[in-house]
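Going in written order, the chains are labelled A, B, C and D, and every chain counts its residues from 1.
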Amino acid sequence: MSKPLRILVWNEGVHEARNTPEHINDIYPDGMHGAIAEGLRALLPDAEVSTATLASDDEHGLSEAVLAETDVLLWWGHIAHDEVRDDVVERVQRHVHGGMGLLVLHSGHFSKIFIRLLGTTCSLKWRNEGERELVWNVKPSHPITEGVPQPIVIDEQEMYGEFFDIPDPDDLIFVSSFAGGEIFRSGVTFTRGAGRIFYFSPGDQDYPVYYHDDVRRVLANGVQWAAQPGRVRAQPEVSNPARGWFEG
Amino acid sequence: MSKPLRILVWNEGVHEARNTPEHINDIYPDGMHGAIAEGLRALLPDAEVSTATLASDDEHGLSEAVLAETDVLLWWGHIAHDEVRDDVVERVQRHVHGGMGLLVLHSGHFSKIFIRLLGTTCSLKWRNEGERELVWNVKPSHPITEGVPQPIVIDEQEMYGEFFDIPDPDDLIFVSSFAGGEIFRSGVTFTRGAGRIFYFSPGDQDYPVYYHDDVRRVLANGVQWAAQPGRVRAQPEVSNPARGWFEG
Amino acid sequence: MSKPLRILVWNEGVHEARNTPEHINDIYPDGMHGAIAEGLRALLPDAEVSTATLASDDEHGLSEAVLAETDVLLWWGHIAHDEVRDDVVERVQRHVHGGMGLLVLHSGHFSKIFIRLLGTTCSLKWRNEGERELVWNVKPSHPITEGVPQPIVIDEQEMYGEFFDIPDPDDLIFVSSFAGGEIFRSGVTFTRGAGRIFYFSPGDQDYPVYYHDDVRRVLANGVQWAAQPGRVRAQPEVSNPARGWFEG
Amino acid sequence: MSKPLRILVWNEGVHEARNTPEHINDIYPDGMHGAIAEGLRALLPDAEVSTATLASDDEHGLSEAVLAETDVLLWWGHIAHDEVRDDVVERVQRHVHGGMGLLVLHSGHFSKIFIRLLGTTCSLKWRNEGERELVWNVKPSHPITEGVPQPIVIDEQEMYGEFFDIPDPDDLIFVSSFAGGEIFRSGVTFTRGAGRIFYFSPGDQDYPVYYHDDVRRVLANGVQWAAQPGRVRAQPEVSNPARGWFEG
């Protein structure tokens, strides 16, 4: 494990560019990707953390060469899901199938990549009134929960509520409650091909959630859990082997 | 499926016998088992529903003959778990392994039978202050949720909170939130041997929860889901078959 | 449950039309869909069973009106996956999300609809040498296994082998071994939205598998398990409810 | 991760003591525990690997002090399951609940500890005729499979076959086929409390399986996956917190 983990934080970056909400650049002067990357650098000092946005280049900073050198990709998107090129989404999916880790954050539940990987509508309830979110750990043996308090208390967040239309996750790790009484499966893992996927819902353009120490800890744990630096990147393929092909 | 389902509602019956809490016999004049049985009879009119308690006889009403004629057993216990005979618990476990359905209710989480079947401590947080419980459906495709509103609203209930020390369930169906902010995996299924198990947490000696229409619907659905009336009752056994035993 | 189940057996029907393999019309004079439908009619005499093929009409017999009246769709495809219209695939997916049952058969693992619903490559190993397949039941409590012997013995079948690139299923029900030593997760269930999905691999254009009594039993059980005739067909949707929307 | 992992290989050691089968001391001159420990030491050179047997002392080498200093316990037993003291089994279970990793090997499926943790009969089919076992990887994203070939080929092994009466595992990692056609879920994980459990079936007193490079790799991977060296050993407990206990 001598090579550093290579982490890419992707954010559409459109809220920041449009200055909506007005206070976003007060909260996130370096963009949400900047705050997320800062947290990862602090907790994973040996990792190489870079960022990209929708506008990075004509492939949204997600070229074949970039993905081939990425162990774990984090994805934040919200108001510009449709502007992500379909061929780039297919490329990301192929890399996940080949073993690239993927962390999908908050409103990324409606991203093209998440919907393609999960096969559901990924719809949910929402209400943006700054409610308190409590994030409860229901799988304390999972490495993503290491060093995380029970519960995580987030003073103000957008409410996400059930029914959250996702497949049954491999592991249900966190369930949140909100001040209004709704609950949400806020931390869930999936496997697709050789790739490990972690969805974590806390995080929003309106609130400084990505500075929250416990949220940062969860993201750093998630990156470590999802990374497979020793794996050759190759997606599963069909084959037609002769009988006894596995014999001496 | 012409034969009626045979359902046995078991309740330790000790709160009722001791009149603790004082209002229990106002709420449950026929015992909690009576209220549960009444609900099942109303929703499953073709079923044969009977009841038994710790004091029913020297086997707690759970003789070999009785269990052999039971498709689904419901279990409510709280302050007298230790008084249940170990040999009876082993017998119930054997019948579950052989295909008898089991619904474990509320404080039955600490019953001997539940702990033996699950292998964990089954511990949890609790607080008895009559908080509102909202029961959210997170698996709407499951037959146990048929005809159940989203959410079920229970005005007053004891709080049960995470971490609930159970194995990962086969299906997570309901997650509750409480007024105080805690959440709880309140409806979960397990398989042990050939038997189907459903744990459902709403229900308590202090509150008239077993008259709640939606709770009654869940229990009736649970019974139908857990029942395997066509199965020969036989627990899995070790065997030492000759090579090719399955051939013509 | 007085209304009959409405079952639609869909087969691309291209092997039959092209007479490849040459003996297909000896084995399946009414097409594979005909043999499958015959088996379902025999075991589910109260159901309404119809068939459709790629060439049925310009929507492959899968119009909005037809799907709206279908409780469970069975899908067989192989050499013409790409000829299925994308808008029809999206429509089928929408109906699955809304609660239509789906049984995907054998080479349907590479169908557009299966890949879209699962999010993986669905690739596998294969070898068509008429090997004996043994189908082992690893979840005897599941209703799909009712009345099915342990193991199912199929004298000649195409080999399908692991790694089968699917997400972790909700339930793993059958695992097959083949004469050459490979194994395959041959009976698996998934949930997507409100819809129940069952994939079952035995069945091929080269062998008369769809006349096998045990295979027919599994398919009939699968249809009954996947059907939700009482459900209003509506896929999960996003919503933005006011705080306390669920109160009185 | 500066402290070395502390691994304890437990073997009942009765086959070795009784010299049954007669060739066991030719195959395993240092006992099966010796061979397993040797493999772990070779692959995990930084770990501290020790061994214990039924006869080690009057607590089978599994005192409170020993377990408190054990990150991962491996368990091999066969003909002396009943001789393991119940209080020692309860102690091991408590440590698993508190976060000690546990690897249960081969005939350990019928050990008291495995049955207590799983809640099922753990019965299976068996036939000891030296059949070839092929161990297929069905979850290539799992860390336990890192560096393991597809399939593992074991020339001679005892056959273990389905139905294997275990609960649905958290992760199904390996499925084996045997020359006689049976299959077996040979590598499965469970969580109980805070503890991670891995059952791996290859390994028998009659065959030199514990010298097989790939088997050794799986065991070393399993130990690393199950270990939680940073966790305070404490099993989940019931608590009765006041409302708002988690607030600043």
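Quick note on the criterion: a contact is a pair of C-beta atoms (placed from the backbone, for glycine too) under 8 Å apart; a residue touches a chain by one contact, two chains touch by 3 or more.
These are the chains along with the protein names UniProt gives them: A, B, C, D = Trehalose utilization protein.
Nothing here was measured: the structure is a model prediction, and the numbers come from that model.
At the chain B (Trehalose utilization protein)-chain C (Trehalose utilization protein) interface, residue numbers used by both copies make up over half of all numbers present, so the two copies contact each other through mostly the same positions. In terms of the distance between Cα centroids, chain C (Trehalose utilization protein) is separated most widely from D. Work out the mean CA point of chain A (Trehalose utilization protein) and of chain D (Trehalose utilization protein), and you get 34 Å between them. Counting only residues that touch two or more partner chains, chain D (Trehalose utilization protein) has 134, 139-140, 150-151, 161, 163, 168, 170-171, 181, 191, 193, 236, 246. Every residue of chain C (Trehalose utilization protein) that touches chain B (Trehalose utilization protein) in the complex is listed here, in rising order: 99, 134, 139-141, 146, 150-151, 153, 170-171, 191, 193-196, 228, 230-231, 236, 246-247.
Note for the complex: chain B (Trehalose utilization protein) touches chain A (Trehalose utilization protein) at residues 132, 134, 136-140, 150, 161-164, 168, 171-172, 175-177, 179, 181-183, 185.
On the chain B (Trehalose utilization protein) side of its complex with chain D (Trehalose utilization protein), the touching residues are 93, 97, 110, 116-121, 123-127, 129, 131, 161, 163, 165, 167-168, 170, 180-181, 190-193, 235-244, 246.
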